[in-house]
Structures are given as C-alpha cells and as structure tokens.
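Two complexes come next, and they have one chain in common, chain A, joined by chain B in the first and chain C in the second.
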Partner chain A sequence: MAESAAGQGPSKLPRELGKGSSGWSSSLRWLLGHPIWAFVVIVFIFFSLMTDDFFSLGNFQNILVQTSTLGLIALGMTLVMINGNIDLSVGAVVALAASLTVDIMGWPVFESWGNLQILPAVVAGLGAGVLLGALNGLIVWKTGVDAFIVTLGAMLGVRGLVFVYTGEQSFFAMNFAYADFGASSFLGLPTLAWVFLVFTVLVHIVLSRTVHGANTYAVGDNREAAVNAGIRVGPHMMINFMIVGFFAALAGITLSTQMGASTPNLGRDYELWVITATVLGGTKLTGGAGNIIGTFGGVLAIGILRNGMNLMQVPAFYVLVILGAILIAVLFLDKQLNRQGEEGLRL
Partner chain B sequence: MSDVKPALRLEGIVKTFPGVRALDGVDFEVRPGEVHALMGENGAGKSTLMKVLAGMYQPNEGQILIEDRPTIMANPIEAKHNGVILIHQELSLAEQLTVAENIFLGELPRSRLGFVDWKILDDRVGTILQKLNCDFGPRTKVGKLSIAKKQMVEIARALTHEGRVVVFDEPTASLTDAEKVVLFDVINELKADGVGIVYISHRMEEIFTISDRITVLRDGTYRGTLTTAETDEDEVTQLMIGRSLDYSRNESSGEFGDLVLEVAGLSCGKLFEDVSFNVRAGEVVGFYGLVGAGRTEIAETLFGLREPTAGSIRLNSSDVSIASPAEAIANGISLVPESRKEQGLVLGMNCRDNITLPQVGDMTAGPFVSNGAEVAIYDMYRDRLDIKAPTWRSLVGNLSGGNQQKIVIGKWLAMKPRLLIVDEPTRGIDVGSKAEIHNLIRELARSGYAVIVISSEMPEILRVSDRVIAMYQGRITREFTAAEVNEDNLVQAISGISGDEAAA
Partner chain C sequence: MSSIAQKLTGGDLKGLVARNGIFIAFIAAMIAFGIGSDKFLSFDNLESVVRSSAMIGVMALGVTVVVISGNLDLSVGSMLSFGTVMVVDLHDKIGPGPAILVMMACVLALGAFNGFLIGFVRLNSLIVTLGMLSAIQGLTLIYSGGKNVDIDPSTQDTTWFRVFGRGDIAGVDMPIIIFFGLALIVGMIVAFTPYGRRIYAVGGNSTAAVFSGIRRRRVVFSTYLVSSFCVGVAAIILGSRVMGSQNNVGQGYELLVLAAVILGGTSLLGGSGSILKTVIGVLILGFIQNGLLLLGYPYFAQWIVTWIVIILAVWLDVAAKRGRLLSSIS
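Coming up: the complex of A and B.
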C-alpha cells in the first residue's frame, strides 16, 4: 500500500496512525485523536497501582478472553454504526447461535462423525447469524424503517425464538473437544484472544483500506451523496448487517465454548455493552465517523474497568453505576475537546 | 448549425409522481461544444429533468438518445459510463472523507481484493485539482474546506470521465468571483473539447455570459428554446413566468425615524470582527457578501444565539446584552432565519400553530391554549400578508415557498418587534413570489419597522435596501446609500478589492 503519501492534516481514516509512535509529541497527538486510548492508559496505570493482582500476564490474558465476546460484536457494530444504522438484535443472536451450535452437534445424525460433528453445528450457528443480519438489512433497505426499530423488533422476536427452540432449557455440549477449544491456547495466548485479535486486524483493514470501507463512511456521512455517486446503498447496508450478524453468532459460539453450554438467556444486554464500547471508541451514533482502533480501545476500556473493579472487590452493582457515569463523562469530554469554542451556537 | 448531431437528445419525456405530473412531454437537446442553459422557476421541473438524465429517475414516457442511440440509464454510474455527468446543486459530499475519495465516490479505483488503489487515486485527483487551481491536496478532509472549495471538489467530478455531456446545476451559488472565473474556464475548455454543457442557473447575467442557447421550462412543460445572442432578459422572464417583472430599484425616501439599533465594535471570535452599524426605524439595511462572510452570524448574535466576544449592542439608545432568543424577543428583535424549512417552520404543524408558536405560552384560557385568540392572530396576518392557504388547518409543509415564507414573517410580526432581521428572504422562492416578498419588506419598513435584510442575491439587495453594508471575510468593507450603490462597486466591496485596484 502506498502509505508514504502523507495526508494533509489528521485524517479520520486511521491508515497514517500506525506511524504515530515516534517521539512523545506524536504519541500525545495520537492519544488526543483517540481520547479513549488515553483513558485506557489511565485506568491501566490506576489498577496496576491499586491492586497487586492486576498487573500480570495471566490477568491480561483473562481480560482479552473476557472482552473477546463483546469485542467481536463491536467490530461488526462499528461498521453498522458508521453506516448510520444500529443493530439491537445482537444479544439475541448470540443466544440463538450458541443454542443452535451446542444443540446441533449433539444430533444423532452426526453421532458417528467424532469431533467433526462440531463443524456442521458451527456452520449452522454462523449461518443463522448471517441470515438474521441479512433479514435485518433487507427490511431496513426495502421498507426504509429505521434500523433502531427494525432491530428492536428482531431483538424481541429472536429472543422469543430462542425460548421456543430451547424450550427454556440450557444445552450442554456433549463433545468435550468443543469446551476444550474454549480453554485452549496457541503460541502462549488463549485461542479466543487470537480469534478476537485476528478479526480486529481484518476488520480494520477492510474499513480503512477497501472500497467497501470507504463506502461505509460515505453512506453514513451523507446518504444522498452516496446514492448520487451510484453506490448501491441498500445492498451495501445489508452486507454490513450480515457482518455484524456473523460476529454476533461467532461471539455466541466462542462464549458457549467457554462454558461448554448454552442458555436461552445468553447475551442478554450485550447490545447495550457493545454499543457502549463502540461509542466510547469514538463512533458516532449519527454515522459517518468511527474506526476500529477506537472501538478496540473502547472494548479494552470496558474490559479493564470490569476486571480491575472485580479485583478490587467493588460490588457488581456499583460497577454498573461507575461504568454508566464513565460513559457519559468520556463522551462529554470528547464533545468539549471537539467544540468550536466560543463561536459555537448556543442551545 | 442544425445539421450537427446532438450529443444528447431528450424526446417527449414524461415523469409523474403520485399526484403530480412533474415533466410533461419535455424535449431538450445539447449539441457537442455548446453551452445550453436550462431555466425555469422553482418547481418548473429542471431538477427532475436532470435527474432523469443522470439515471436517478426513470421517465414514464419518452426516450433519451445519446448520439442518436436510444439509451436507458438505470443508475448514476451507468449514466457516467454513457458520458453524462451531473454536478449537483446541493453539495453532495461526504464531509468525513478525503477530497480524493469524494471525487471518485462510487467508483474508487480498486487493486486486488477490493482494496482502494491510493496511488492511482492520488495521481488522478492531483492532476484534476491542479487543473482547477485548487490549493488543497487529494488527502485533505472535505469537512475542513470552505463552502466555495467544496463546490470546487464537486466540480472536479466533472473531469473524472470523458464526458459527452456535463450538467452543472447552479454551480456558482457559493463560489467567489475568482473561482467563478476558474469554473468558466473549465466550461470553456470542455466546450472546446466538444463536450455538451447543460447549465442551470437563476442568475441571468451568468446565463447571458456563458450560454449559447436557453431552454425554458414552466410547470413541467417545455416553453421554448431561444438563441442567447438574439434574446434578452425580458423575453426569458416572459417565458418563465408568463409576464414581465418590475426590476425597479428602491426609491429611498430618506426620512427615517429614531435609531433602533446601534452596534459598535461587535466581534464573535473569527466569525466576524469589529462590526459597527446602525438601523433606524422605517429603514431597510441590506447586508451583502459571499457565503461565509459572517452576515448570518451577526444576525444570530443579535438574536442571542451566539455570544459576542467584544463590542456593544444598543437598542433604542440603551445598552443591552442578549443572552438568548427569549431575551431578544423580549427586546423586540425578531429573526426570520435563513433556512425556512429547517429553522423557520414546523412543517408538520398547521398554519395557525406555526404563526402563534413563539407566543402560545401567553395565549391561554385557564390551563388550555385559547383557540379563538390563536385563530384571530392567524386571520389578522393572513389578511395583512396576503397568505394564500385554504384554511388555518392546512399543514405548512403543503404550502408554496412564498406562502411559507409569509407564515414565518407573520409569526415574527405577531411578536410585535421593532427590529426585524430577515435572512435570505427569497431563497428557493420563485420569481413571481419574490417580488411579492420584496414589496412586503418595503411595506413593513414604511409602517415603521427597522429591517435588516441579509441576502446573497444582488438584485434583491438593490431592490429592497435603503442602505447596503458590504461584508468580506467577517469585516464590513463599505457602506453604501441606495443612491451610490451599483453592481460594480458592490462586487468590488464584497470581494475584498478596494476601489482603485479593482480589475474590470
């Protein structure tokens, strides 16, 4: 890639940002462009000083695994939100994919397949996620109903389907290789952390380097301009809904490998956490702005806060209160940093 | 000349929308190497016709012939590949993307695997920008550019393809004079290359400068094609609105009342600096300047929407500080904002409720809104401003632009202001209703209001103002009386050129 051609002024597309580590001033400027990473650094130092258990390789691996579920979905959500849409059904899709996968691998048809029985189950789980994403996207495209409403309906409906399908029962994975995968390591890092990191890099490349990525910004920034320019906005949005559906299903599967089981209540409130992480990372609810580096920071921020407060034995409900307050505080700070000063219009 | 094969011909184009026949059998042709102006009032069907041409709408009847080949264009990309390029009237740009990405939006050059080929992109865009004398690079973010420069980005799209026909839809609305020269150079160059140009504009002087032929539409029908060299403004106007217009200048009476507003040294950051002027009762003061010169921002400051960083505002000879629109209204200031549909009206509400909106809190009978009082106010201003609406129950969104603007003006008159600020009073209003609004503004001044009119249209400013204040980049460059102002010195004043060094 021709990275040498320097952009004029800081570009939102983060392709120049990788070089920001030379010297203090440029790292500082980089942090100001991604306030969430400044925040990540602060909470990291804070917990390292406050508790003995935080600063250890084992704990960092923990954090990565704990956040991988949220993180995977947040990758897809970033695309959908840059498009100016939103997907509230991801939590329900997590439960559906997990239940399908765990159930299907136990079907008698696949009994003689050995460990290979996991394969059709995972394909079915991921397929369900992509399909539901496609359905969300199709409805948004064809009816023009706001994505918030469409996916709100999908969130309720899919969750209902999960209860119908499971008969309100939890499923347990009979094939132990499935649960072993969730606990396995590869080159010294938990496999699930690898999955998360690899997909993060992949989606980052898609968003910052490909035509689809550029179109994603254009559609969210000025939909009419995108239509005028001949971008097929409907199918484009549908693809992004399918991507977030895929990631929600993948998150459901990785989550169920961690537990060796699925419950119909799996993934409840995940949509809220994912949106929180994405917004913390600088993605705008109105679309047009955001990037994966920010989203990764947002995911880590939530992961570190939850982990750190847990280690400090802050009661769980206070953790929610603190996270809520931090969300608003960070976004308020962001607004202050990006204000036009005294010239701004008074409300 | 008539034996030249047209680059593009439209035959009997009909386009209907539910309940409207937007285009009714329109014929239009562009020859290679000619500039063909398309004129008509708002709603005459110009934009619809161009959208048909650009593949955004499919015509119900009729056909499009490109070099005598019947062609169907299903979307804007197909139109581009057929050599038809549309430069949009509203800026059709994604602010967060770079200049290069915007210029090639929808067809970014790809290398393998769908990656954007930045090298080719930068090369091609760099060449185009150089040709247009732009001082920004391909990687600049569009959101950081001024409106005029954004318009240049939009124009740059015309040069991305080997076009047969390039349509410019009101390209000069926000260009400075220097950029207008570049644009006309581009058009002439395209023309020399044998490209057919369709030029849409409301500005007669531009049409007569640049075009070879003029086609006029009215109410979706074809009214005729004139050769520019053989016609004049009056004939074109006749075709457009079916009658002649009175373009007379305002006769200043020179007798005004007390000072209503005195502004001294007013500044607001970099938006405008050290602005001083005053307005008397019965006087219309026109603010003229380019988009971004700070005129609207002054109005917003007077109305309490922005906080001044320096300077003083005196109303009726006493110092005031205005911290909010509510205080401005209480002090007798009203602002008819720039954008009627976004800032001035609640389109989904009826006429009466829109007019009484700022004062509905005072019109109560017990805990309820007093219906009778509201209707009485509406009736009064309907008669006074001659608002044409079926009943007070009609939704404002269904009225014509001129009547909508009267509703906004009526709304603020109902607040009994002493100072009325009108920002772009006739934007998006057709020629006929324009004259009516102009007369209304004169009428209001005569009845004792102090009026500030902000406008980007020179004929409008010249018609309504008793005094004209010219602004350039946030500063007042000159103040004219109605007697001394003319088009030349006004253009010089708003371009930042002082009288002596002005080029012809």
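Coming up: the complex of A and C.
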C-alpha cells in the first residue's frame, strides 16, 4: 500500500485491515476502504457486459483522454481541499490559460521561431495559472477571508478577464503542431493520457511521501496544531493554490490542443465537476482527509459513466441525474459509516 | 461632535465605517457614476437597472434565508432553468394559471427534497445542493427533451401571463414591484417574527438553538422551501419576460446569486445578515454593471470589478470583527 500514515481520516481503519493479508479478502477490504473504487469496478463490469464497444483498449484510451482535463484539475483540488480550502476559480483559469496560449503562439514576434513558438505560449499560459493561484492563496493568507468567497470572486473576475482579453472571440491555433500534439500517441497510449497518469503518480508521491504532503494533512486536520508544530500555514496554503492553478492552466492547454482552438466559455462549470469528482473520491470538505487514489477513482467513475452511457445511447441528460444521485448517495453512505463526521461543513 | 452625529455614529466613526462599509461604498459608487455619466442618475436608467436585477434579486432573497441558517444552496440556478422551462412549456398546454401552480408545486418539491436531506438527514448542504444542481439540470433536459421551449407567438401579447415580466403598475415595472414586495415580506418575516429569530439562532449556534427548544430540523427544512419558492417566482418573471426558455438559462446563477448575498454582507458562517443587506448587494451588482457600461467599459469589465469589490467588502467586514487589517495566519 502506497499510503503513508499521513492518510488520516475515517477511511484509515479499513485500509490498515487490508495491510498484511493477501488475495481476494484483502482486495475486498481495500475496496471497502475506497467505496468509489468499488463503484468503479461495478460500473466497469456493468458496461463491459451491456455494450459491445466498452471493453476495448481503444475505448479505455478514450476514457483516459476524455477525463484527463477534469482529472488534472482534481489532483490539485485534492491538495487544496485536504487543506480545508476550496478553489472555485479553476474553470475560469482553464479558459484564461487556453486563450493566452493559443493567442500568444500566433504573435508576430514569434513568427520566425517555427514550432518553438509554442514554448513561450505554453509558459505564459501555465504562468498565468500559477500566478492567479498565488494571488488567491495570498489573499486567503493575508486577509483571512474564506477561500470559498475569495475564489468565488476570482471565478467571476478571471472569467471577465478572459472575455475582455479575447474580445469575446474564439482563437484558433496557427501552429498545427499544437493540435497534432493533442492527437499524438506515445508508446501506444495517447500523449494526453500519459500527461494525466504521470502527474497522478507524481502528486500521489508528493502527498503521501513528502513533508509537504504531511503538512497538507496537518494543516487541514488541525490548523492550530499545525501552527504550533512550526508549519508556516500561510505560505503552505499558497503553494497548494499555486499547484491547483498550475493544473487548471495545464488542463486548459491540453483541452485546447484537442480542439486546436480556445473559446472564452471554455471550462464553464468545471469547478463543480472537479469538486464532485474529488468528493466522490473521499476527500472531506472539512479538510484533513482524502487521497489521490480516491480522487483518481472519482475521476474515472465520472469518465466511465459518461462514456458507457454514451455507448448505451442513453441521452446525456440521464448522466447528470445519475451523477447527482451518486454524489448524494456517497455522502449519505459516508455519514452512515462515519458518525463522527456529524457536524459537516461549517464554512 | 454634535449629539445627533454622535447618535448616528455611536460616537465611533471608525466602527461606523467598518459596520456600514458596503452602504458607504454603494453611495460613493452612485456619486462617482453620477458624475461620470449624466445618464446614470436618470429615472429611466435607475428603473432599468433595478428591473434587470430583479430576477437575481428574488433568488437572492431565498438564498439569504438559507445562508443565515448556516447552509448553502447551489441548486437555485438549475432550479431556475427547470421552473422556467416547465412554466413556459405548460403555458400553452394547460393554461397559465395551472402552469404556474404545477411549476410551483414541482419546484417546492425539489426544495423539500433539499431540505429533507440537509435538515432531517443532516447531510452537508454544499454537496447535497451540488448534487442537486447536476440532477435538476438533467431533469430539465429530460423534461424538455433537450429542446428550447417557447410560448405560441400568437398568444404572447394576449395572455395574462405576460403581466409578470412585461406589465407595470402606475408606470413601475412589475418585476421591480415583485422584487421589492417579496423583499419586504421576507424581510419582515426574517427580522420581526419568532420564526425569523429561530433562523438566526440555528445559524448562529446550532447546538445552543437545539438546547433552547428550537426544532432545528424543521427550521433548516423550511429555509429550503423559502429558497425554492423564491426560485419559482423568479422563474415566472423570467418566463413571462422572455416568453420562452433555453434549458440552461439558469446556469451559473447559483454563484452569481451567492456573490450578491455575500456582497451585501451576509456571512457564510450563518447567524448574521439581513434581507436589506442582500437587496443592497443585488443593487450594487446591478449598478456596477450599468455604471461601467455607461462609462464605456466593455460588458465583462463588471465581473473584474465585482471580483475586487467582493473581496474588499468581505475583507473589511472580517477585519472589523477581528480589529486588525491582516489575518494572524503565520
């Protein structure tokens, strides 16, 4: 088990039960500790039996690429939410990074750079995401205003920036290598799937094996105790906001490589989907609990449901109802299993 | 300082500014826009601002009640889509009166479901209403089959349903009357009745409220009924004004409405805030938009200004409570 002891929270017990034993019973216990993975397995089997096209390598690759956008942001959101914060501005950052990147690579300054013109554009897009994350984090740190309000404001404001910057226009990538990247493959897997998987492993290691990861749980679990333990809570939270900003920007860039274009409305409602995926994965809004394995499961659950129901030709509407119902059901089950979570969120 | 001024300020000018920062900012902005554009303070312009804010305003009234009781409602945007699509679709099929009744019943049922899960099962309000946001959006699309709906063009000018969005009483537009009328009623209930005091008690200190004999579950449940009722009224205004509806017409409103509530100064912690503050918050959002447009800024510049204003407003509020400008986070 890759989880460190830092993986606090109610789901700790079943996970420890899973340690040491082997075979079916331990797998079963592990699944009970990560209810979302039990759900992923069930829908996986369900769609494999119900449709002809679901169970194929090509379709699995599809699912990974389709969910990579949500998934990348959810990685960062997990850190921020374990901290006990939240970031509602990620959807707007997606649009900002995509618009900046696609626009800047067409600037006349870089005309003679060939395919290298993509580089400064991507750096600018990612930089904007990190910068806005830093700004959110700095405001949360210095003003003491709740992250929900700070990032709600940023959600509106950054979206406004995007519309003002783009003049409400869509941009098209002038360099075809950019769109080619979105469609490319590496070692038999789509490159975008690699990007998602590599970052998932990376963030998992950061969260479970590093001091920063341990601090993330400590700050979310008991902020006062974290301060007393010598953690500089402000800068720590700021770094996590920068990480989620980076991932939102990266998601915007990967999304625009798939389309070869950007629109100012890109990423609308993403904040809500990302939070749904993260909460499905077992991360608590109150902070202190959650992990990347769960978040990855939450992202896959959404991806498989959307893909499978699409293959079954169920209208997309029903997916919305089912996802909403699952979110509430997971919350209900979680409450029944962990009575100590009684008080719920107090913003 | 004269005695009147002392009475007004409570002898503490700094405290007055901190407590009423949003009112002062509101008046300052009005003066600035008035100087910047000669059209801004004309009656026609002020009326059009209030009219276009009325729908968000009506929704914000209900959300304020939910927020005072210490919870959130993110499902109001989807619910607005649902209600508007339903009332517009049913208008031609069963007539305006029954259409309104059926729609209100359905919206109240959705609100009751929210209230049941949050009040009685005591689940986290943010996640429940987030789930409902998605589910109701799906319900709307299932109901309409994904198609836009509209009222038969030949009856649009004759149906009495048009009165809610397009009518007026003595020259004052109906949406404005509905908004201020509902604000007055909800405001009176929240401020002056035992029920209103229970809402504050539950939001302020939930445990203490229970020990003093307040039925917390029922109070929380009822706040979601109020919220969904307000959404239903907003849906009637919108449907009547547009005489048609898209399936996603309310998309994103949940957070815009919440922004108005926060801007007014109602705390997300619960237990404080008021309907009057929310009305001011709604009007500020409306006047920022209108004033910037009249000064020649692009439409979306208002969102950037809203970003700054929200954070400054809440910062001022938080700073006044702790007595220091910056937080003590290390």
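Here are some notes:
We take it that the second predicted complex is superposed on the first by the 316 of 347 C-alpha atoms of A that agree within 3 Å, B and C clash if a C-alpha of one lies under 4 Å from a C-alpha of the other, contacts with A are read in each partner's own complex, and residues count from 1 in each chain.
Definition applied: a residue touches a chain if its C-beta (ideal position, glycine included) is under 8 Å from a C-beta of that chain, and two chains touch if they have at least 3 such contacts.
Every value quoted in this text rests on a predicted model; they were computed, and no experiment measured them.
Contacts of A:Gln61 after superposition on the shared chain: neither chain B nor chain C is touched.
In the superposition on chain A, A:Tyr217 makes contact with chain B only, not with chain C. By the touch criterion stated above, A:Asn310 is placed in contact with neither chain B nor chain C.
Contacts of A:Asn265 after superposition: neither chain B nor chain C is touched.
Put simply, more of the residues of chain A are touched by C, taking chain B and chain C as the two choices.
Looking at the shared chain after the overlay, A:Arg209 reaches chain B, while chain C stays out of its contact range.
Of the two partner chains, chain B is the only one that A:Ala225 touches; chain C does not reach it. 227, 232, 342, 344-346 are the residues of chain A that lie in the contact sets of both chain B and chain C, per the superposition on chain A.
Per the touch definition, chain C reaches chain A in the complex via residues 70, 72, 74, 117, 121-128, 130-139, 141-142, 146, 251-252, 255-256, 258-259, 262, 268-269, 298-304, 306-308, 310-311, 314-315, 318-319, 322, 326-330. Chain A contributes residues 1-2, 5-9, 11-13, 209-215, 217-218, 221-222, 224-232, 288-289, 341-346 to its touches with chain B in the complex. By the touch rule above, chain B contacts chain A in their complex via residues 56, 75-77, 80, 86, 88, 90, 92-98, 101-102, 105-108, 110, 113-116, 118-119, 122, 136-137, 139-141, 144, 268-271, 300, 304-307, 309, 324.
Those residues of chain A that touch chain C in the complex are listed here as 88, 139, 141-146, 148-150, 152-164, 167-168, 227, 232-234, 237, 268-269, 272, 275-276, 279, 285, 315-328, 331-332, 335, 342, 344-347.
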